[in-house]
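Every chain is named by a letter (A, B, C and D) in the order it is written, and numbering of its residues begins at 1.
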Amino acid sequence: MSANASQLERLTFFSDAVFAIAITLLIIEVHVPHLETRDDQAYWQALQGLQPSFMGFALSFLVIGALWVAHHRVFGMLVDYSAAVMWPNMLLLMTVAFMPFATALMSSNPMARVPELVYAGTLLVAGSLQRMVFAAALRPPLVRTDIAPEHVVATRWRSLGLPTAALLSLIGAWFAPGWNNLLLLTIPLFVRLFYAIGLRRTQRLQLAAEN
Amino acid sequence: MSANASQLERLTFFSDAVFAIAITLLIIEVHVPHLETRDDQAYWQALQGLQPSFMGFALSFLVIGALWVAHHRVFGMLVDYSAAVMWPNMLLLMTVAFMPFATALMSSNPMARVPELVYAGTLLVAGSLQRMVFAAALRPPLVRTDIAPEHVVATRWRSLGLPTAALLSLIGAWFAPGWNNLLLLTIPLFVRLFYAIGLRRTQRLQLAAEN
Amino acid sequence: MSANASQLERLTFFSDAVFAIAITLLIIEVHVPHLETRDDQAYWQALQGLQPSFMGFALSFLVIGALWVAHHRVFGMLVDYSAAVMWPNMLLLMTVAFMPFATALMSSNPMARVPELVYAGTLLVAGSLQRMVFAAALRPPLVRTDIAPEHVVATRWRSLGLPTAALLSLIGAWFAPGWNNLLLLTIPLFVRLFYAIGLRRTQRLQLAAEN
Amino acid sequence: MSANASQLERLTFFSDAVFAIAITLLIIEVHVPHLETRDDQAYWQALQGLQPSFMGFALSFLVIGALWVAHHRVFGMLVDYSAAVMWPNMLLLMTVAFMPFATALMSSNPMARVPELVYAGTLLVAGSLQRMVFAAALRPPLVRTDIAPEHVVATRWRSLGLPTAALLSLIGAWFAPGWNNLLLLTIPLFVRLFYAIGLRRTQRLQLAAEN
């Protein structure tokens, strides 16, 4: 294994570890109820009271999971990395590490505007930083030669999906705090849409170059 | 190392990290007693009061450990993975990350029905998701060629062991909350039983094909 | 990389992760004082009150560190592992994951007998399990061929050092709780002593075989 | 991969894991406010009250991040390591694991002298230990042969940057607690300065040797 590949692997590894820790730490912000009774009804009610925490846990797990899957996909396309990737990636990890706080703030204060703004804002920052990392990473000499150039361009485009959905959710948080999280369901749609746009663009450029 | 092998390795790594963090976080839900005395008897009593927490810690450590050992065994049989593995695996990890909560809920409220139902239900979900991941992963072109096909089939069968025992424990939680966890001791039995069934099935099919 | 080497690597990796998490979690049991004053004296006193916690943190960090260094040394001598290593190793990891609790119990109740017994007992269990893991791991076909057999035997012997010192500390905890931890300073001495004994033994056996 | 390279990789891995866990644990010391109102103003005030915690989180994330980036750079230059690296590295990791405590102590008691002294002191210890680790690691037979000797010397010199800035911050903490952290902004300057000094020194020596 070349020295560069080994350094890339270690950067990847460190990032993976931070993603894995942040995603698993989400659960320790869900406080365990301790009841002095054995009445079933009391327990069901206690669990129902935790519903915002469960939903926050699941939502953030899926969002951090999606961030990791994208990171995994993009870094798997690389043979090397430029120094310009290091610090944007570190700031992305900082935002990911902040997610357990943003999640708990939202879950502990359900349907309140400011916590929802903070949560959607954190996602917007994470998505924008990831977009920046991918743009710096996916440059010609750093990408594996067996990957089609239009796929590289389209992969860069698809990273606009999360920040777009997060921006919508941020705006929505002002008008309908809590419900705005439903807008995050559009993430897969936007990702596919931007991927298709990126693919079409490069194909049009290639056609133009051929004529 | 090929690009696919490297991507598989990173998926494996991320999964390992979540398993390792969840299994180690179990201990922080065991609350440390702080006594103002130096009387030995008071300490022994305090530790005895923690017995449900110690048992929950040990039980969950062994269950998550067993989930990891199975994951380790199956992913060690692969040379590549299909995209269909990614999200079921992510949901499996979410369930594993949820285990410290389910464990603490059960330990803080010993012998109560609802916490036991939640705990056994979490195991059932984890076992079913793992079964799904393994079924998607153990497909012909993705498996190492030096592994006997009947072993692959039997490995898929054995993953029915945990969800079966978890289902029994879930039913048992209704009638004898707390004691139902003893049913989890049948996990190794069911695993062996299903492995033997799987092995016999393929051998019968092979015999039929040869005749 | 062969399939066996890759599986060994993953087992090593999972163990490393649990060691790393347990060693880093030690700090979250040290509770941060929050004073309403800016008087220097009050802060120094608050920090002095945390002295048992600082000492527990440092002691456990060094002990888990030493367990990891030994694990690192022994697993670095292997080319493969037997199934007999898997579950003793998992129980060793369980004991390591238990260390933050044992440490906090001791630190929160300084100089009390029962917490000291629990702490020393945990070390004794960890040391004994590690001894078991190493004995199962360091067997002829599993060890790298470029390692001298007498070094293998001596490495197995040196793993008696930690359980011996832990046993002394356990006995000492009964008579002089708190001070017994000083006996753990003998760990490096016992490790060297047993290593020398192991080396001499094999040399005597080799001489006897040559004559 | 040679046995030495594999052992070096595992040491690197363990270090990475501790860095990643410590950096992600920083967030759990930021306590989530739980308000009974939906008044926006109350939330903004609660978040403003957390400002010292947010700043401590960001500062420590960047400092631990910088420590990791330097560790990553230096260990990427190695082909092997001497036993003399192991324990200074373990003590460095202990200091890194202590950072979440030092950060929370500073954040919970903003502008107080003793917590600022403890924080700057922790950085000074971490920087000095890292300097020690790098000096032991960057020795001729252990360094990759394709790296210019003057780059190795300059890399050793640059590791004086963090302890120098930390020392200034420690002195500053006595006179202007809180504001002294601004001195940490000089870290990149000192790192570059010492790197340049190291480079010039070796070049002068090389010139002298040639004449």
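Here is the rule we go by: a residue touches a chain if its C-beta (ideal position, glycine included) is under 8 Å from a C-beta of that chain, and two chains touch if they have at least 3 such contacts.
Because the structure is predicted, anything quoted here is derived from the model rather than measured.
S.K.: Could the interface between the copies chain A and chain D be described as same, meaning over half of its residue numbers are common to both, or is it different?
M.R.: different
S.K.: Expressed in ° and rounded to a multiple of 5, what is the rotation angle of the C-alpha superposition of chain C on chain D?
M.R.: 90
S.K.: In terms of CA centroid distance, which chain is the most far removed from chain A?
M.R.: Between chain A and the rest, the longest centre separation is with C.
S.K.: If you average the CA atoms of chain B and of chain C, how far apart do the two points sit, in angstrom?
M.R.: Computed value for the inter-centroid distance: 27 Å.
S.K.: How many Å are there between the centre of chain A and the centre of chain C, using C-alpha atoms for each centre?
M.R.: Centre-to-centre distance between chain A and chain C: 38 Å.
S.K.: Of all residues in chain C, which are in touch with two or more distinct other chains?
M.R.: Those would be 1, 13, 17, 21, 25, 28.
S.K.: By the document's touch rule, what are all the touching chain pairs in this structure?
M.R.: A-B, A-D, B-C, C-D
S.K.: Could you list, by residue number, the parts of chain A that touch chain B in their complex?
M.R.: So the residues of chain A in touch with chain B come to 1, 12-13, 16-17, 19-21, 23-28, 30, 32-35, 38, 40, 43-44, 47, 57-58, 61-62, 65, 68-69, 72, 75-76, 144, 146.
S.K.: Can you list the chain D residues touching chain C in their complex?
M.R.: 1, 3, 6-7, 10-11, 13-14, 17-18, 21-22, 25, 28-29, 86, 90, 93-94, 97-98, 100-101, 104-105, 108-109, 111-115, 118
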